[in-house]
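The data blocks that follow each hold one structure.
Heads up, the next two complexes both have chain A, just with different partners, chain B and then chain C.
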Partner chain A sequence: MTITLPGTGTTEVRPVGRAADGAGGRARKGRGGKSGKAGPVTYTVLTLTALVSIFPLYWTVVAGSHTNAELAASPPPFLPNASLFDNFAAALDQAPIGKAILNSVLVSGAITVGTVLFCTLAGFAFAKLQFRGRGLLLALVVGTMMVPTQLSVIPLFMMIADLQWVNQLQAVILPTLVSAFGVFFMRQYLISALPNELLEAGRVDGASTFRIFWSIVVPVARPAMAVLAMLTFLTAWNEFFWPIIALTTANPTVQVALAGLGSGYVPQQSVIMAGTLLGTLPVLVVFTILGKQIVGGIMQGAVKG
Partner chain B sequence: MTIASQSPAEALVAAPLRPAAPPPPPRRRRRLSQNRWGYAYVAPFFLVFGAFSLYPFLYTAWVSLHRTSLSDIDGGTFVGLENYRNLLQSEFFWNAARNTLTIGVLATVPQLCMALGLAHLLNYKLRGRTFFRTVMLMPYATSIAAATLVFAQLFGRDYGLINTALEAVGLERIDWESGTWSSQFAIAVIVTWRWTGYNALIYLAAMQSIPGELYEAAEIDGASRWKQFLHVTIPSLRPTIVFTIVVSTIGAVQLFGEPLLFAGNGTTSGGSSGQYQTLGLLMYQQGWSNFHIGQAATTAWAMFMIILLVVGLNAVVGRLRARADR
Partner chain C sequence: MATVTFEQATRIYPRSDRPAVDALDLRIEDGELLVVVGPSGCGKSTSLRMLAGLEEVDTGAIRIGDRDVTDAPPKDRDIAMVFQSYALYPHMTVEQNMGFALRLAGVGKAEIAQRVAEAARILDLEDYLQRRPKALSGGQRQRVAMGRAIVRQPQVFLMDEPLSNLDAKLRVQTRTQIAALVRRLGTTTVYVTHDQVEAMTMGDRVAVLKDGLLQQCDTPATIYERPANVFVAGFIGSPAMNIVTGEAVDGGVRVGTSVLPVDRDRLSRASAGTGRVTVGFRPECLDLGGPGDGVPVVVDVVEQLGSDAYLYTTPEGVQAGVGGSGVVVRIDPRQVPVPGQTVWLRTREDSLHVFDPVTQARVD
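On to the complex of A and B.
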């Protein structure tokens, strides 16, 4: 995995915008890897892969913008059509997608804020503070990445049932409020990005540890926090297993609403596709704007969230 | 960003993490104050983690020893290992375990091979490289639910585009959903579609950190491009490859959303004859369709055991290979 201090090494996909700028410093290709010129075969294979990557999304638009009858025609349509908004209306009628999007924004936003804050705090402590049991606690954090979600949903469900939280948004926010990956990610970043001299200087000036965190650690950590925020938001938006259990279509997130779309008596493919498109559109827009940074973040983090 | 100074694979598999280089030895009083603050900083994480992960994790084991119904979750009868006995004698469990294995192999082996090849191509000097990388990551940004609904449509029996295409080239239509192999293949395609680009980027990041001198030396020795790939790139990527295998396997054992939504209507049986029911789906069915929470907890533990087994196997194989290389 790339080991470069932020800022060192010329970035080749330097993320534009301040967000991931510092964290975008990555090992540069140059001599740091094999780098012959790409031939026509390479371009062909990559273009085909790109097409396969995009096609299902494109097909969502095509299928979502026709009537069912048009879809069944032979040959099938390959261009978007005018029925898109009718299908949108039908999908909104069939599943509370508007509410779901609002809920998903709330849930993913809250999870992102909590995760970034708590993971930066813990990552800083693991990177720079001495305390007994630090190694053991960190091993515990890393070890939890192996535990499948399935192992905790049953008691979690019992817990939220006791608290009368079934169908309440806090039921899906609270358990996801921290991430082991995030702690590890922030620790790795701060170890190298935060010079000990800076902390010492703060201490000499008599700043409290809390003050040091806000005025020294957070500014240095900001690029990594931005990357973690993007990855967390994306993961939270797409979270499926636990929301399916904790929520119903009465108060769904987008994924719960989508799962409910197909369960009508006569599932209409075009309406399902229009609903899928509605629920996916927000992430696709975000991805179009921040795609470069997300690519950079994944290549630095290189751990499946 | 450092990750590889302690490669994630090592971190995950071998777990012992050395703390970073300690700051210059402070005087005793300062160390004490740092001590206290360290706990304060990690406290929020561990509070949430303890309440919503560690406690449920352990409590699942306790639940698995009870006959507990979803409608009466607090009252259950202690039955010892009965749930485990039932599980091991249940044909549904073995069916789901088999399906999880075959779908897992179908979904991860080609996926990781393709990702490796794509990373190799992406590592060339390339026009539009950012475009290719971003587009390949788009499936990763698409949710399981959205991806599965679209692919269920594409694999549809009557009007699905894939069958239309098969027919157009003179092949027979396939009833993807009802066949065992065809449905498992289709589900593997969904997983592969979502994760190949992501893993390609991980491999690419690792490839870019291989020192150029290694290739120069290989070139001086007259090694062909292919030989260089085989004898320089692959060995240097080994920790990353192990890491992706472990992570993909963990994902495969937990496979749930794709089989749940593949028929379109969220049935938990995984097809009319359970032909694509996975362990994750079986657990959900036991708990939330059959209301037998204790049995579901048992299945969850079985899944965890399988993951431990795979991760342990990987660690052993990795260690043996490392020894053989020495």
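On to the complex of A and C.
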């Protein structure tokens, strides 16, 4: 059935090409206009900030590519040297770095997937679902952020020991599969980024609550989920306190293995730095993959206000 | 297609002592386009959301056809809704947006494609099926929202101010298209708007709400010609009907220094007990008379619209701007007086609306 409507042909506000041109024109104006132009002061400040931020990583490369004796010289070396791969080999020889990296990938990956999934679910519930006691529950969740991790270590270790999970990876994965910060972060994002009408449209279209979550909420929340994933992965990768209690050097994560490298009467700074560099590389890879999403998420949040 | 019936349907929001919708009794016939209109906070959107299942019904019932859907979830009501903001899924293409409900309902891929293509043809969206909502203009988004409703072939369309985000010119164009489309499809439609022009131009019938209470439900012509009370009289029509309350005297109602003629029967019934009468007359029902012929008024402002001209005046003997006492007159745009000039207005007795000043109800 075809229905010819009066004026249908003239409904277009403007041709598509012109619409795109218009948008492009505005974007060009924004970038090239007086207000959008960065001056020398901005460039200087940004360059200095970038240098200060990147220096620790650069110093890791420099220190990791020299011998201990070269590092002890005055002035210290400021350029990378040829000993990097020797130091890598020494680090891999002195501590199970390879196994530690694999363990850390598994642990951080599992924690990241779990945290993002559970925090998004809980954040959605707290942001958009109506249920009795919602405010009180949220206050309880946020309140747990005020309890120091150290307080819960002994009971947690007793539970882990009872489960015979000491020195097992699940001992460091399960206790951190959801975080109060993540729940609060996702809730705040969804409150502002997810209009109620979108959920109502889903309900009218016949979607169940879980289908609404999966097909509507998750795509909308993706930028925030990427940010949370990045933060969670970094935190899990750098976590030292609980893994060194729950794991041993026989089955370590990267940080536990690096602690092993640093022990001894004369710590070999160059080997430690080479090991640290090895342990940092996966994090750099993750950042490269998620970087675009993260910037998108930050921008989207800014635009939505 | 089905009838829709509200039976004493009431909604009281938590922490509110006043019902948002108060004992609404309304029947929408099969295939009818009913427009619910009223000012902000009158309960029009709430009633629509009650029908959609997005808002609880505290007391009373809602039926679609013979089915009592009062407690049914939205997906079991066989309705489709067009939201004010369109509520298009931002991550889906136009095609996916339109086919989403069908996919959830387990309709086969071939049928989904066929129904989406047909809706796209009807709405002139064929070239935009692979675009995402952000790459569409306001008018196109509005049509996608319509398309999403059409493909479901529901028993009832619900539309919640679907034109309010469009510019004035596109709004006029689109309202004609929606009205034509809905009538061709023959689907029962409930359309909510705050714009009385939309209500008058689109609806088979118009329901006027105020403070959660149904004021009148009738054809646009009847609502305009015979408003049930002072609120409806003042709300429907642009510019609004002139409404003045004055002392009932022999032969009519005193306004300023003059008397508007009202027949004895209506005068006595409307003024019973108070000695005062409220009368209303539309701007187009006044004629300019010669000096001394009619009610003398002073012209405050002249609005020249090209096809018409409107005079904003104050009756002589009444202080300008006091208690909404001004009188608006539509006149021939070729002979307009100047501000400050005194003109004489003649009312046509048959076009005078008489209301009881206490109950605000119409007196016939």
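Worth pointing out:
The rule we apply is simple: the second predicted complex is superposed on the first by the 221 of 305 C-alpha atoms of A that agree within 3 Å, B and C clash if a C-alpha of one lies under 4 Å from a C-alpha of the other, contacts with A are read in each partner's own complex, and residues count from 1 in each chain.
Everything below uses one rule, namely that contacts are C-beta pairs under 8 Å (C-beta built on N, C-alpha and C of every residue); 3 or more make two chains touch, one makes a residue touch a chain.
As the structure is a prediction and not an experimental result, all values here were calculated from the model.
Ranked by how many residues of chain A each touches, chain B and chain C are led by B. Residue contacts after overlaying the shared chain place A:272 against chain B, while chain C stays out of touching range. By the touch criterion defined above, A:177 lies against chain B but remains apart from chain C after alignment on the C-alpha atoms of chain A.
Legend: residue contacts after superposition of the two complexes on their common chain; A:255 is shown touching chain B, with no touch to chain C.
In the superposition on chain A, A:53 contacts chain B only, with no contact to chain C.
In the superposition on chain A, A:205 makes contact with chain C only, not with chain B. In the superposition on chain A, contact of A:93 is made with neither chain B nor chain C.
Shared contact residues of chain A with chain B and chain C: 1-3, 6, 12-13, 200, 203.
Those residues of chain A that touch chain C in the shared complex are 1-3, 5-14, 19, 195, 197-198, 200-201, 203-207, 211, 215-216, 219-220.
Residues 52-54, 73-75, 79-81, 83-85, 87-91, 100-101, 104-105, 118, 121-124, 137-140, 143, 148, 152, 170, 173-174, 176-177, 180-181, 184-185 of chain C touch chain A in their complex.
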